[in-house]
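Sharing a structure here in structure tokens format.
Note that the chains take the letters A, B, C and D in the order they are written out, and that residue 1 is the start of every chain.
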Amino acid sequence: MIEDLNSIRSDFPIFEFNPKLVYMDSAATSQRPKKVIDKVAEVYTQYNSNVHRGIYSMAEKVTEEYEDARKEIAAFLGTSAEELIFTKNTTESLNLVAYMLLPKLKNGVITITELEHHSNILPWRKVASLANAEIKTVAVDQEGKINEADFEKKISGTSVFSFAHVSNVAGTTLNAKKMIRTAKAEGAITVVDGAQAAPHIKLNLHDMGADFYALSGHKMLGPTGIGILYGNKKLLEDLEPPFSGGEMVKEVHAEGQEWNDVPWKFEPGTPNFAGAIGFGEAVKYLEKIGMGDIELYEKKLGRALVEELTKIDGLEYIGPMENRASLLSFKLRGYHPHDIAAFLDTRSIAVRSGFHCAQPLHEKFGFFDGSARASLYFYNNMEEIESLARALKELVKL
Amino acid sequence: MSYFFIENIMDHYKNPRNMKEIKDANSVFGDSNPTCGDTVKIFLKVNEGKIDDIGFQGHGCALSMASSSLLTEMAKGSELQEALKITENDLMKELGITELGPNRIKCIALPVKTLKMAIIQYLSKANHAGGGT
Amino acid sequence: MIEDLNSIRSDFPIFEFNPKLVYMDSAATSQRPKKVIDKVAEVYTQYNSNVHRGIYSMAEKVTEEYEDARKEIAAFLGTSAEELIFTKNTTESLNLVAYMLLPKLKNGVITITELEHHSNILPWRKVASLANAEIKTVAVDQEGKINEADFEKKISGTSVFSFAHVSNVAGTTLNAKKMIRTAKAEGAITVVDGAQAAPHIKLNLHDMGADFYALSGHKMLGPTGIGILYGNKKLLEDLEPPFSGGEMVKEVHAEGQEWNDVPWKFEPGTPNFAGAIGFGEAVKYLEKIGMGDIELYEKKLGRALVEELTKIDGLEYIGPMENRASLLSFKLRGYHPHDIAAFLDTRSIAVRSGFHCAQPLHEKFGFFDGSARASLYFYNNMEEIESLARALKELVKL
Amino acid sequence: MSYFFIENIMDHYKNPRNMKEIKDANSVFGDSNPTCGDTVKIFLKVNEGKIDDIGFQGHGCALSMASSSLLTEMAKGSELQEALKITENDLMKELGITELGPNRIKCIALPVKTLKMAIIQYLSKANHAGGGT
């Protein structure tokens, strides 16, 4: 159980540097524990050299650390290491899979949902325009939950189904396993945007059955510039790499080339090896705390967030009342979201305002000015939620 | 100091000056900041190269509304050439803001840009019509 | 003048951690000074939050640092900040520009040279196959220099001309300005792979006239996972972004979207902001030492490398005798390049062996087992070159 | 300790055993490590399920050549089923190497893999031919 929160907070140097900070923007990017920051510095200080192929000692060491990080993350996600492609973030992962699937999309149908982040909308619009494919969007109800009937209808005949596992605005968690089963029965390839799920939920991707799963290291204690695209091994072996360059080939001749094995054939160029190794350390840290415990604790935070904030007069939010992720996107009658965030900043509370890269969803719910979003992680606590509520009440009285 | 505690800003925000439509305006220009949903529309009544009357309508955060209000005050009665010279910095000085982060400058830039466009539109119309009222 | 080398070396923590290390693999990745390592840690410790749009103080601070880094790098390269796109490495930069230019390549001609790294070959093969374009390859002579006559012949009618400014194997430096002028007179768009030039040469891209220029931060003292694609502003404004997602749009609606201004429309997703800020710090460090001085000093190193190593019986190398970058790719009769590198490792000398991602070039020169490559930077010195030569002589006697 | 200073390795490298073509081999298999240009070809003379004679030809670094040489020594005279079981680890032990980085393991893996393929090829041919010599 997460009880000794003080000890957890002291693992994060930013709270030491800024003890008053109430950081509620973890859905944008999380804070990072000392272990991760130190690990990155360790790479640069002790065995910095390029991964793969180098056969002097430092190069062997860094390659080992890099591939060990991949194994660590694979175990964490319930996959095997050769199914994990290192990218720079979720957005690159989604663009990569979209271009990988392009040859299979000719005149096909791509289905997404109304909950998507721009990163899971725009790449599909791009490949749809290249492949003359159609995009269908599954509707959500007033609580931001999938409209089951609409899903059943739209999934039929779909070539690729891509959806957010957890919405970064509504806080809805989708029943990924069930939806994937339905989609696969229709012959669809399934892609999951796990940017907001992987940091908060114990995952087992093999059990879930997704063909592809995308996530960002920086949202789950890792360094910036490192992400993952998980891909089912069989598919990875069959598909062509859309991007190419050094390190992802076995042979290149004046005519023709032979790709490397998976996953390396999808990792052209020098990877962010310090970032990957740091991400491995982040995952170790999460394992130590325990994803099960994190999930339980954050459920409490999510519930408290709704309870405390809905006491405020004129506050409206997007998403379900119950079973929500520990984030809340809201507006306050008479106050522009920017003003809410700017005012909270005077109280050292960091929340984001705007559309959070999900403008169609905001428009659907009539949030034309966007929203203010408080997004929490396991290093937050109940007192901070009370501080947030108190500050908002102050604002309303101003 | 946060703009929340600068009286001048809060005053302009809560009691905006010149927040009105001008029916017989000779230039009307509206623009928006799509990333945050802010909108500003400016109405100009120009006479012999001077801004006789100015109004604005809009919608947005306190900063953008207060700066629109202040901007109309500053522009009212001035020569077009003078009004064209008003910058974000002038507004900040008048409002009493010493610094503003890169993500908020655009809240002040919107009304400045919109006024500029309204004036330019007026001038080019006047030009087209054969040179000045 | 670079004279006080001891003080420079003490800026690099890896030499303190491993005082015997003779690091001669900087063409693969450079070492990083303490200032850069510390800057990355500073971001994570003091103002870690996501760039753009956030309006609380930390988000403003990190956005400012991120955009300041872009300005710093722009000044360093002789460009304006809005022409610099942050990528993860040269390879991503080259893939990005190749896909950006895809719509202009239909049935066209892409010209490269025999000196190219796989990262400047394979992306062009990919888009050539998509656009039904032809690839022409300008030959080099026995010294690894451009065959001028062949260049004149092949450049005619070219849609895109892409070439390595400095070869990572032969060490040849091309006359970029002159070749660009010729290519532009033919109406070609010019792309330069600057991975091995930017770390070593004072650049002024506006003066050079390239339309695009790609480079990697990790090869020039910066963190891993950060690179640059410079693009001529006019072209950047006209071209469509091939990759998309959060942060690179102004508006997204149920139907349609409006891209952000340049360069942001080409930067989808959360950037490696800690990496970019660290790269800004690296460039400041390089400016302080002085690129002019680095160039002069490395000329000396390059000359000494050839002089000392060619004394060894049975050693053959690729590239020009004079005017070479401070790197040497060589083989030694009777010794496989792997054995050379493994033996040097026992003497704490780190060199790379293999094809260095430039297999066609090795094959051209009959280096079918690849080569061993010693690549130096301004933190290396003459004594280290002597140590290398001594160790190779030892090997030959073994 | 680096392999340069392990006598056994240097001995096998400089005086490779069984480095020969076998003209009347009943299985020949060649493979390569394209990333470093190493090649190995293995010749098998099998009799009643036993390796009567074995030869190799090849080209590569000291590690790959020494391990090819040693491997032929280990396999010679053994049952096919036994020879199939030889792993990279066994070779390392015999050579006297305690650890090997990820980028060098493949130098040892190449001859092991090649021998395996030569045996499998022999077995499937024998099978096709109606079951055993």
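Quick notes on this one:
To be clear about the criterion, contacts are C-beta pairs under 8 Å (C-beta built on N, C-alpha and C of every residue); 3 or more make two chains touch, one makes a residue touch a chain.
Quantities reported herein were computed from a predicted structural model and do not represent experimental measurements.
For this pair, subunit A with subunit B, the centres built from the Cα atoms lie 40 Å apart.
If you average the Cα atoms of subunit A and of subunit D, the two centres end up 47 Å apart.
Across the assembly, subunit D contributes residues 35, 104 that each touch 2 or more other chains. In subunit A, the positions touching at least two other chains are 53-55, 57, 59, 251, 338, 342, 345, 353-354. Taken pairwise by the contact criterion, the protein chains fit none of the simple patterns, being neither a path, a ring, a star nor fully connected. Pairs of chains meeting the touch criterion: A-B, A-C, A-D, B-C, C-D. Against subunit A, in their complex, subunit D makes its touches with residues 34-35, 101-104.
The residues of subunit A lying in touch with subunit B in their complex are 336-339, 342-343, 345-346, 353-355, 368-370, 398. Considering their complex, residues 52-55, 57, 59-61, 63-64, 67, 250-251, 258 of subunit A touch subunit D.
Those residues of subunit C lying in contact with subunit A across their complex are 13-14, 17-18, 21, 23, 25, 28-29, 31-32, 36-37, 40-41, 44-46, 48-50, 53-59, 88-92, 94-95, 117-123, 125-126, 137, 216, 218, 223-226, 242-247, 249, 251-254, 257, 268-275, 338, 341-342, 344-345, 349-354, 357, 359-360, 363. Chain contact summary for the complex, subunit B toward subunit A: residues 2-5, 35-37, 59-63, 104, 107.
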